[in-house]
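You will see two complexes here that share subunit A, one where it goes with subunit B and one where it goes with subunit C.
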Partner chain A sequence: MRLLVARAGEDRFAFESLQLVTILPWPLETALPWGSLHALAGLTAEEPEPRAVVGRSSGGTPFALRVPGPLGEEDAGDVLPVPPLLGAPRWVRGFILTAEGGPALLLDLPSLGDAVLARTPPSPLPEAPT
Partner chain B sequence: MTDAPPSAAGPSPSPAASRTTPCLVFRAAGHWYAVPALQVVNISAPTRPVRVPGTPPFVRGVIASAGKVVPVLALALLLGESSRAGEVTRLVLLQGGGRMAACEVAEVLGIEDVSDAPGAPSDVPAATGGAHRLGERLVTRLEVDRLMDLVAVAVRGRA
Partner chain C sequence: MSQPSSRIQTLLPLAASALVAVALYELVTIPAGLEARRGFESRALSVGHVLALSLGVAVQLDDARTVESFLTAAAAEPSLSYAVVRKPDGKALGGYRAERAPVRPELLGMAPAAVEDAGLRHLGLPIIDGKERVGWLQVGFNLDELSRTLTATRIAATLVALVAMGLSAALFSRSAANRRRMLQQIATTSGQLRATSVQMVSSSSQQAAAASEHAAAVEETRRTMQSMVESATRIAATSREVLGHADQSVMGAQAVSQAIRTLAGQAEKIGDISELIRSIADKSDLLALNASLEGTKAGEAGRGFSLVATEMRRLSESVLGAAREIKSLSSAIRSASETAERSVLEMRTSSERTSGSVREISRITEQQREATEQVTKSMNELGGVLVETGSTIRRTEESASALLRLADALTQLTAQVVRRSAQAQAGGAEK
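== the complex of A and B ==
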């Protein structure tokens, strides 16, 4: 499985490349509902070198997730299932073991899109950094 | 509430009071706990768990162990015995009912024989063996399967 990997703080988050629509520069030049990987990860600082991972919700609506750069790509073997005692949200699809040995979260973009759409009404263009 | 094992009909000369179970005794935050040693998979130095967004506060994250992903629990938070997780010097990996979880632990005392007899009443939800005195320590005996059930209910309640 080919993965796109973003690092948020000390943790790594992976997306299956097949679920990606595209990657866009930030700020967006197209009005899309969007969320922030740092906000999901509980980080208060804005993403450094931000860019937008664009996916589709389970209903097919495009959305963007602002992620920090630079992004990496790697191949992963098995996806380890979410432990039943974790209580993770639906958009946590599973885990992969990275080359460093630790687990990285594999996010499910359609479910993540559903969550972004539920939290944010269709938004205007994000504010350009000042 | 009693959880005495079913006994054979008629008077028994060997009540649970005379039996003990080897238990791992450890401290999490300010409280001492004992879990049956047979359900302890391993004890390891703590590694920083990978945080998983959207999980309950008592879930500190996940670690990889023997090719599996295992949740790391702050026991004191889960059991409502402290509002803070406290110091962590060890991870104790437990297995029960086909489920695994690692508990953050401040101090490991070692393996001690803990009575199977009901101990003093305890408010700890997963404590089926009550509180037992080991030397100067008051130790709450935890039943691992019930601990796992408690976690399952707590995370399900947030879904």
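== the complex of A and C ==
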């Protein structure tokens, strides 16, 4: 399975390439609802060298997720399940072991899109950083 | 009547010799004058008394020629403005510039009298022959001249003349008492003359020693001043050299500052270019990432495409890393340039301050050199004056020594006259 890996603080997050529509530069030039990976990870600082990962919700609505750069690519084997006791949200499919040897949470983009759309209605274009 | 006159004529050469001495000593000037105002009164009175005592016989004999001779001899005293001899009836027997004598009846009494007016001191003295008052002497002294010429030499010269006159007058005085009084006066005067001469010799020797010390001090000062002029000249030359270096430093600092500004500008351009490169590499990375994504979506058919895209991404990341490094370096260069420019600016300011200080040093040194040269010139002139003064003092010393010898001779002569007079008086008494 081909994965795109982003690092947020100490944690790593993976996206299945086949779930991605495209990757856009930040700030967005198209009006899309968007969310922040740092916000999901509980980090207050804005993502460095940000990029926008574009996917679709389960209803097919496109959305963007701002992720920190640079992004890595790798092929992963089995997706390991998250123990139920940990109470992971629905948009976490499981975790994988990266080529470096550490774990990375594999995010389910359609579920994440649903969550983003539920939290943030379609918003105007974000402001360019000054 | 003719016998005393012939004795006077015989003794006149002695008076003439004394007058030659007067003329000789009047040529010599001693720089340090005696206290004028305090001394001239007794001087005038002394001259007047000796003159009045000397004139007794000549007035008694109505010897106008002798009177004229005495008054002319008394004119050796430079402050003497006039002298006139009057008979008891007021008629003038003889005079020296007698037309200057004012009519002052209060001066023609039995006792000596003095009044002052119009810058003159007028004396009226009775002329006594024996116990008889035979006339009056009226003399006037110029106060300014009396003060100005009151030097030891002039006093001594006048005393020489008066001693000579007194001796000649004493020899033919008819009154024994008068003769004794005159001889006592002459002996006193001779003593004063000798004391003055000794004082002059001592004073001249001290002045000669002082002049010699002054000359040595002036020479030492002159050498020091010359050394200072040379030092000032060297300092001025060194200052000019330092000024040249400082000016060159200022110009060099300006050139370095300009070069650093150019370098900073170029580093900024490099930074801009590296930013452009970074931006292109970033877009390339994004494109390669999307290409890789599309290759993955294409399945087996897109595998090769994905591999190329991945290689492109690696290249882009390398370029991004290099661009970041270039940007960091250009920022460091800009920062270093700013630091260097500040340093150069400080160096330039320092060099300009140095230039200012050196110019000030140069200006002050030049002023000092001019002032020192002026002092050296003055020292040279002073040295010449001191040499001349030393020469004058030596002449004075020689003259004073000669005067001392003359004073000794006069003292001896006076003693002889006194002795013979006493012997003659004793002989007369026996007869």
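Just so it is clear, the second predicted complex is superposed on the first by the 130 of 130 C-alpha atoms of A that agree within 3 Å, B and C clash if a C-alpha of one lies under 4 Å from a C-alpha of the other, contacts with A are read in each partner's own complex, and residues count from 1 in each chain.
Keep in mind that, in the parts below, a residue touches a chain if its C-beta (ideal position, glycine included) is under 8 Å from a C-beta of that chain, and two chains touch if they have at least 3 such contacts.
All values reported here derive from a predicted model rather than from experimental measurement.
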Practice item. Have a look at subunit B and subunit C on subunit A after the superposition and call it: clash or fit. Key: fit
Check your understanding: Just subunit B (first), just subunit C (second), both, or neither: which does A:Gly42 touch?
Key -> first
Practice item. Once the structures are superposed on A, label A:Val92 by its partner contacts, choosing first (subunit B), second (subunit C), both or neither. Key: first
Exercise for review: Quick one: name whichever of subunit B and subunit C touches more residues of subunit A.
Suggested key: B
Practice item. Return first, second, both or neither, reflecting whether A:Phe63 touches subunit B, subunit C, both chains, or no partner chain. Key: neither
Practice item. Determine how wide the angle is at the CA centre of subunit A between the CA centres of subunit C and subunit B, giving a multiple of 10 degrees. Key: 100
Review point. When the two structures are overlaid on chain A, which partner does A:Arg51 contact: first (subunit B), second (subunit C), both, or neither?
Key: second
Exercise for review: State whether A:Pro103 touches subunit B only (first), subunit C only (second), both chains, or neither.
Suggested key: first
Review point. What is the contact status of A:Asp11 with respect to subunit B (first) and subunit C (second): first, second, both, or neither?
Key: first
Check your understanding: Where does A:Leu71 make contact in the superposed view: on subunit B (first), on subunit C (second), on both, or on neither?
Key -> second
Exercise for review: Check the residue A:Trp26 against both partner chains and state whether it touches subunit B (first), subunit C (second), both, or neither.
Suggested key: neither
Review point. Just subunit B (first), just subunit C (second), both, or neither: which does A:Pro84 touch?
Key: first
Check your understanding: By how many Å are the closest C-alpha atoms of subunit B and subunit C apart after the superposition?
Key -> 26
Practice item. Return the residues of subunit A at which the contacts from subunit B and from subunit C coincide. Key: none
**Study point:** subunit B-touching residues of subunit A, taken from the complex the two chains share
**Key:** 10-12, 40-42, 80-89, 92, 95, 97, 101-105
Study note, to complete from the structure: The residues of subunit C that touch subunit A in their complex are 282-283, 285-286, 289-290, 292-293, 296-297, 306, 310, 313, 317, 320
Revision key, fill the gap. So, in the complex, the side of subunit A touching subunit C is made of residues 2, 4, 17-18, 20, 22-25, 49, 51, 70-71, 73
Exercise for review: Show which residues of subunit B lie in contact with subunit A when the two form their complex.
Suggested key: 47-48, 50-56, 59, 62-64, 67-71, 99-101, 148, 151-152, 154-156, 158-159
